[in-house]
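Below is one structure, written out as structure tokens; the observations come after it.
By letter and in written order, the chains are A, B, C and D; residue numbering begins at 1 in each of them.
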């Protein structure tokens, strides 16, 4: 099953840790919330998930109901 | 047996408390009521020590000895301290090595070589309290020898039974031919 | 997809399987400040439990008072949030009453080494089978930034306005000196290493402590010009040395470094096990006598 | 009739507790309660229970709470200074509704005071010692036999009301040895913990089932995962800042005890049918009072005794009724005047109240009481 990066913006406090430690620079904080940065590549390494203090970003398995490779709530 | 208010005094480590516990146990075994308590200083050894047993065939209210009917002192210090407090009718048992203070009102004094008997006859000074228990039972007639022996065995450390029974018997012997001064 | 939670099976929505399985989502996000290291360490604990396959029903989380103490409320186990400094003493009673429980104490530097210091050293000495995870952020966060026993000399806090005069405690070293049979140090940055250290600490039979360097950007960071949460984590990344590396370094070289890894482990009979042996012995003696 | 044995008050406390189901004791040495720890250390492992000597009094209290949370009937014992140290966690146990028994063999204070000297100086600390409003059940034995029976009752009350029960002994009874008749064990009522039968994950840990007094408890490890806290919490066991929930919780805690006054409060009245003068006393002081009463009656003075066995909640209904039928109440206690404040609060001007306090390390004697009884004003 395909893996997918998930973002739960309602839990995000915008600390920026995930973005800072993303090896591909694929995340950014906009208005105190994390989001995917356009034109970058996510390699689904999970470094963001490991260090997010608020469990707002994580790698999940694609539920099959979407083509999106990143999903935000 | 009428109400007895027994006070034993000595120095910490002489087994004064255990002696009153055994007397209390003897009273229970003999079907009487009893109340045993003690007061001691912070020292575990060498400090002054006072322990009491009330024995009565009636229910016991107040649990402390107020007017001792019997006092035993094993050290001069404790005799000097508690001797003058007791009334004329109190029976006082002292170790032979001690001398009664001048201001002691009690008339009935029995001096027996309790410490010496423990040391030389029984062979262990630590048994002086059990020698004393034998003497006291004989003087006061709390219970029979068999019951007292049972009470002793209920409270002495295991391994010391024989030694303590010997001490008790020596106590009986000591008191047999006693004389009140 | 579904997650086996032990009692219910529900489609996950907006959290990872790990969080769904071991946390109480209805109480998330936590009250901790943005960038607080405690959330990272709490996840490490959950991951360690997942790796070990512990049953949630037979795992107990005990906490004291302070920021760290809120962890108990978020984690989906038998949880008890106790009084300040006393988490280990409560945990001792729980472990003694039911040694089959896995008892994990989640605490902070003030909680464990100031008001609770006595319980720490004696539980370590007793070698009772608790696992203590310290969220060590070098400051009292919940009361607003006072210096703690692990605040470095010279650092600032609201009660150290001219710089801290005290020397700071090495909590893992303290516990080790007191007889802890497992002592380790991790950091908020070193997620995988710390998770492994916690995991091994839980597995260890006896008293284990994992002193984890947390970060407090709100108070410690701001008061001491340490920058953002990101800066503080980067500091951990750039200034940590492993136990093996540290062994080859001089005292001078080690100054200002964070030594992480397993500091000490020894096998010694665990207290509740020893007590159960005692009970068995007494029962056997009685049977022989009868 | 059971066997009569010679037993010390402190020993009876442990033996009774074992009958009541105590299987964990956490303590710290302090005279005059130390024998309770020593005897527990010998007896508990023999019964499959656990004894632990903690590093201090605070830890002992916390450890006993932990034991109870894990489903084992637990006890701790101490004397004055240690009772002071236990107060914070006592409040925790009251708020989180943890059944356990805390024994205080009182000694003379304040501070280190006069070790081993008798006192009843912790009576108000028992009521008000921990911060915040909380329910209190405290019992006072006045003989070795009563210590044995009453400690069983203390455990039963703690289970029935899910609350810590204070067992307020004093040195007089703690160190007294006297004969007591052992009960037939099958005749002893022992209340076991009401635990959840089927742990349901969604069950609210502090929800009270219809017709029940208190929430059923789920010992840690039995399958219901929930949160316990010393913060004000709602039925879910999680902290709340709701003022309504706070009031609801405190009301419920207070009412579970006050609404069951008749079940909890016990007192003894001796010779009160025709008494003109009553001695109000509790614990070891009762022994001097009973001797004084006998003497007074011999001298033609109609003397009676009113003795609370449950000291908190205070037996105010019975006392007020008794006060209406006597001319005087003499309050005798080994402190500077503690329970006399309660007597004054309850009796008001229903009769004259005299006070006999003792706070120098000696005990009130029957003669002291007789002198007070004969005092003319």
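Here, contacts are C-beta pairs under 8 Å (C-beta built on N, C-alpha and C of every residue); 3 or more make two chains touch, one makes a residue touch a chain.
Not measured: the values here are computed from a predicted model.
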- Across the interfaces C-D and A-C, which one involves more C-beta pairs in contact? C-D
- Message: Going by average Cα coordinates, which chain is farthest removed from chain A?
- Response: B
- From the C-alpha centre of chain A to that of chain B, how far is it in Å? 86
- Message: Just the number, please: Cα centre separation of chain A and chain D in whole Å.
- Response: 59
- Message: Quick check: how many Å separate the C-alpha centres of chain C and chain D?
- Response: 37
- How many Å are there between the centre of chain A and the centre of chain C, using C-alpha atoms for each centre? 28
- Chain-chain contacts, ordered by label, are A-C, B-D, C-D
- Interfacial residue positions of chain C with respect to chain A in the complex: 1, 12-17, 19, 23, 28-30, 32-40, 43, 188-189, 191-192, 217, 228-230, 233-234
- Residues on chain C engaged by chain D in the complex (per definition of touch): 7-8, 27, 56-58, 60, 62, 72-73, 76-83, 86, 89-98, 100-101, 118-119, 121-122, 275, 278-279, 282-283, 286
- Query: So in the complex, which bits of chain D are touching chain B?
  - Reply: 4-6, 115-116, 172, 175-179, 284, 287-292, 294, 363, 365-367
- Task: Could you pull out which chain B residues touch chain D in their complex?
- Result: 21, 24-25, 27-28, 33-40, 42, 60-64, 66
- Note on the structure: chain A residues touching chain C in their complex are 6, 8, 10-11, 13-17, 20-21, 49-56, 58-61, 63, 73
